[in-house]
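Step one of this worksheet: look at the structure below.
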Amino acid sequence: MSDRYRRGIDIAEQLAADKVAHFVQSGVAEVAPDFARMVIEFAFGDIYARDTLDLRTRELVAIAALAAKATAGPQLRMHVESAAGCGITKAEVIEVLMQTALYAGLPAALNALADCHDLLTDHDCLTGACR
Amino acid sequence: MSDRYRRGIDIAEQLAADKVAHFVQSGVAEVAPDFARMVIEFAFGDIYARDTLDLRTRELVAIAALAAKATAGPQLRMHVESAAGCGITKAEVIEVLMQTALYAGLPAALNALADCHDLLTDHDCLTGACR
Amino acid sequence: MSDRYRRGIDIAEQLAADKVAHFVQSGVAEVAPDFARMVIEFAFGDIYARDTLDLRTRELVAIAALAAKATAGPQLRMHVESAAGCGITKAEVIEVLMQTALYAGLPAALNALADCHDLLTDHDCLTGACR
Amino acid sequence: MSDRYRRGIDIAEQLAADKVAHFVQSGVAEVAPDFARMVIEFAFGDIYARDTLDLRTRELVAIAALAAKATAGPQLRMHVESAAGCGITKAEVIEVLMQTALYAGLPAALNALADCHDLLTDHDCLTGACR
Amino acid sequence: MSDRYRRGIDIAEQLAADKVAHFVQSGVAEVAPDFARMVIEFAFGDIYARDTLDLRTRELVAIAALAAKATAGPQLRMHVESAAGCGITKAEVIEVLMQTALYAGLPAALNALADCHDLLTDHDCLTGACR
Amino acid sequence: MSDRYRRGIDIAEQLAADKVAHFVQSGVAEVAPDFARMVIEFAFGDIYARDTLDLRTRELVAIAALAAKATAGPQLRMHVESAAGCGITKAEVIEVLMQTALYAGLPAALNALADCHDLLTDHDCLTGACR
């Protein structure tokens, strides 16, 4: 187990305790275990581990970029689920999604809001403080 | 209620009487009511309200652009549903979707046709005159 | 020379007399002559040749789809240059480009307007009737 | 029935015996029969029929391009299903999908792997030799 | 002049004093003056004017979304130029662009860094405090 | 210097001796040296280093994916320049670019051919055997 993987898993767990569960559910670890490891290493072990941006800013960037892409619903949901743990309120998530309409069009923002609808209305899912 | 909103709602209702119902179903108005309002204001109150293009042309442009994007299924369906009300036949909708294959590839056109399959075969859903 | 090619060239020439010149300039015919032929055959010989939509509508669809893609500047310019020949005014082209902001974001529309700036201001380039 | 269509159907059948079934299921042939024909003619009759690349390479190119687009799930699945018939192993498909992460981002690769999960784990679906 | 336009211009000027100059240079105001006004009204008068996110966060979101799109070089540059005025350091901009590689691929991040190269090396262009 | 970096540089040099020069020219190494290193590590040290696919197949996949994205001209050129070194002929590169028209539209293929025009006509630039 590389240092990058260990560092990546630490950060992934700060973001979402059910991260590993998600990978198993989506079946990526089953089909491509090396790729599941690389995603942890590169995304969290290399990029997120850098301290120029704090986790809160990293998550705002992730949500903005994924919503603008308009082709990454599962990943957008995962980061919206992680947002509360980093002190991002539902109102802030909604605001970021609205703003992406400027850059990616109204459907991108509308579909992002629809994809995350339950996460943004459920009173329990975006609460908590940065672990 | 701004003039832009009132003007936008008028046009939205010309396009599709169940427009508001759609917004409520998709939950956007519940999660981001200000954004639901802005969409009406900007899309219909600002852009569609301009008289350089008639509603029929506006809908052809919407269908072409949304099919070419390939990431806006719900919005494509909404505009295909509105097409008949503007005097656009099913054959014309199909033709526009076919043409987008040139610019966005065969899968974009095939998936647009599949997304709207029921709307393009149901004998009742694309009839009527511009309300 | 296939019927599709002959039919395609006829339509391409209605759209823009300098079409062939464009292909030669861009070097496609030099590098991939079979592909240059297929583009004429598929785009104009197969799709444009169908009579469900007239050339004016075809060009509105092309401009909307290409502007929404935001990655096809040269093709967008070619179709904007062809627009006048089909009875589409500069004001209508501008209006279509503005409308694509709804579906593809403000930068897509702004960059499309910038890409075609000279064509939309030059008093000579979008005049004439459908040849 | 054109030569291009006959040639295209021959190749389509080499790729996937249930190709025609797929088109009927997706309803494209019902809604836009001419387009279903053109897809066969252009994709398989024109492009795939050229002998500069063999079918195995064609399928690798198709899988790479469709995964990178991230908007063509059904077409990606169809080509992954056809891969084994061209001598491409599941391990090679997984490797191509992993590599697209470099060009299109981690979500594109993760979602491609998820979209094709059953095809890549089912021991029966990617076996056989090039027909 | 609408309240939204006045409010939008105020914010645009906080972001970049040469904003209006930019619009004139790019020729949008000349070709489509109503659209230039709408962009100010919608982007800055409607969205940016909302106080759920501060200007610093708005600019981070803009940079992330525009880099992820990979088709909006001029707009990305404009927001990178505005970043320093909102207290965003060059190191932070670079970090956001690096992070977009995760969501949009390595070329998107590499090309964003190349597009903004002079802005990120020039010692004078990203200094100053939020006006 | 990590093992991944050393392994990545080895492969990068097999692909293109002027790889490092390219990074310096594009200025990425100057602005974001850690990212330049990560690109080598992830792209070549992690992915390309895996032996399920040979370098020739890796380059075909790269060219197909980058052409389909239509937003990565510099990276497409770099991989087309590397193609000959892996035993890929110009005719094969042209064929891959033509095929991407099926998945990404005619403009994507036309612009890819135009972007690489000099590389595909210059008799000296795509010759040589896999180093």
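As written, the chains take the letters A, B, C, D, E and F, and residue 1 is the first residue of each chain.
Assume contacts are C-beta pairs under 8 Å (C-beta built on N, C-alpha and C of every residue); 3 or more make two chains touch, one makes a residue touch a chain.
It should be emphasised that the depicted structure is a prediction, and the values quoted were computed from it without experimental measurement.
Novice: If you take the chains that touch subunit C and keep only those that also touch subunit F, what is left?
Specialist: A chain counts here if it touches both subunit C and subunit F, which gives A, B, D, E.
Novice: What's the rotation, in steps of 5°, that superposes subunit A's Cα atoms on subunit E?
Specialist: 180
Novice: Identify the chain pair with more contacting C-beta pairs: D-E or B-C.
Specialist: Contact tally favours B-C.
Novice: Residue numbers at the subunit E-subunit F interface: does the shared fraction exceed half, giving same, or fall under half, giving different?
Specialist: The interface of subunit E with subunit F is built from mostly unshared positions.
Novice: Half is the threshold here, strictly exceeded: which of A-E, D-F or C-F has more than half of its contact pairs identical to A-B by residue number?
Specialist: Same contacts by residue number as A-B, out of A-E, D-F or C-F: C-F.
Novice: Average the CA atoms of each chain to get its centre, and name the chain whose centre is farthest from that of subunit C.
Specialist: Centroid comparison gives A as the farthest chain from subunit C.
Novice: For subunit B and subunit F, let me know how many angstrom lie between their CA-based centres, rounded off.
Specialist: Averaging C-alpha atoms per chain gives centres 40 Å apart.
Novice: Indicate the whole-number Å distance between the mean C-alpha point of subunit A and the mean C-alpha point of subunit D.
Specialist: Going by mean C-alpha positions, subunit A sits 31 Å from subunit D.
Novice: In angstrom, rounded to a whole number, how far apart do the mean CA points of subunit B and subunit E lie?
Specialist: 30
Novice: Residues of subunit F that touch two or more other chains: which are they?
Specialist: In subunit F, 34, 38, 42-43, 47, 50, 66, 69, 71-72, 75, 94, 98, 101-108 touch at least two other chains.
Novice: How are the chains arranged in terms of who touches whom: line, ring, star, complete or other?
Specialist: complete
Novice: Of all residues in subunit A, which touch subunit B in the complex?
Specialist: It comes out as residues 70-71, 94, 97-98, 101, 105-111, 113-114, 117, 120-121.
Novice: How about subunit A: which of its residues touch subunit D in the complex?
Specialist: That would be residues 26-28, 30-32, 34-35, 38-39, 42-43, 66, 69, 71-72, 74-75 of subunit A.
Novice: List the residues on subunit C that touch subunit D in their complex, please.
Specialist: 34, 38, 42, 46-47, 50
Novice: Spell out the residues on subunit D that touch subunit E in their complex, using ranges where they run on.
Specialist: Residues 101-108 of subunit D touch subunit E in their complex.
Novice: Flag every residue of subunit A that touches subunit E in the complex, lowest number first.
Specialist: 42-43, 47-48, 50, 52-53, 57-58, 60-62, 64-69, 72, 75, 91-92, 94-96, 98-104
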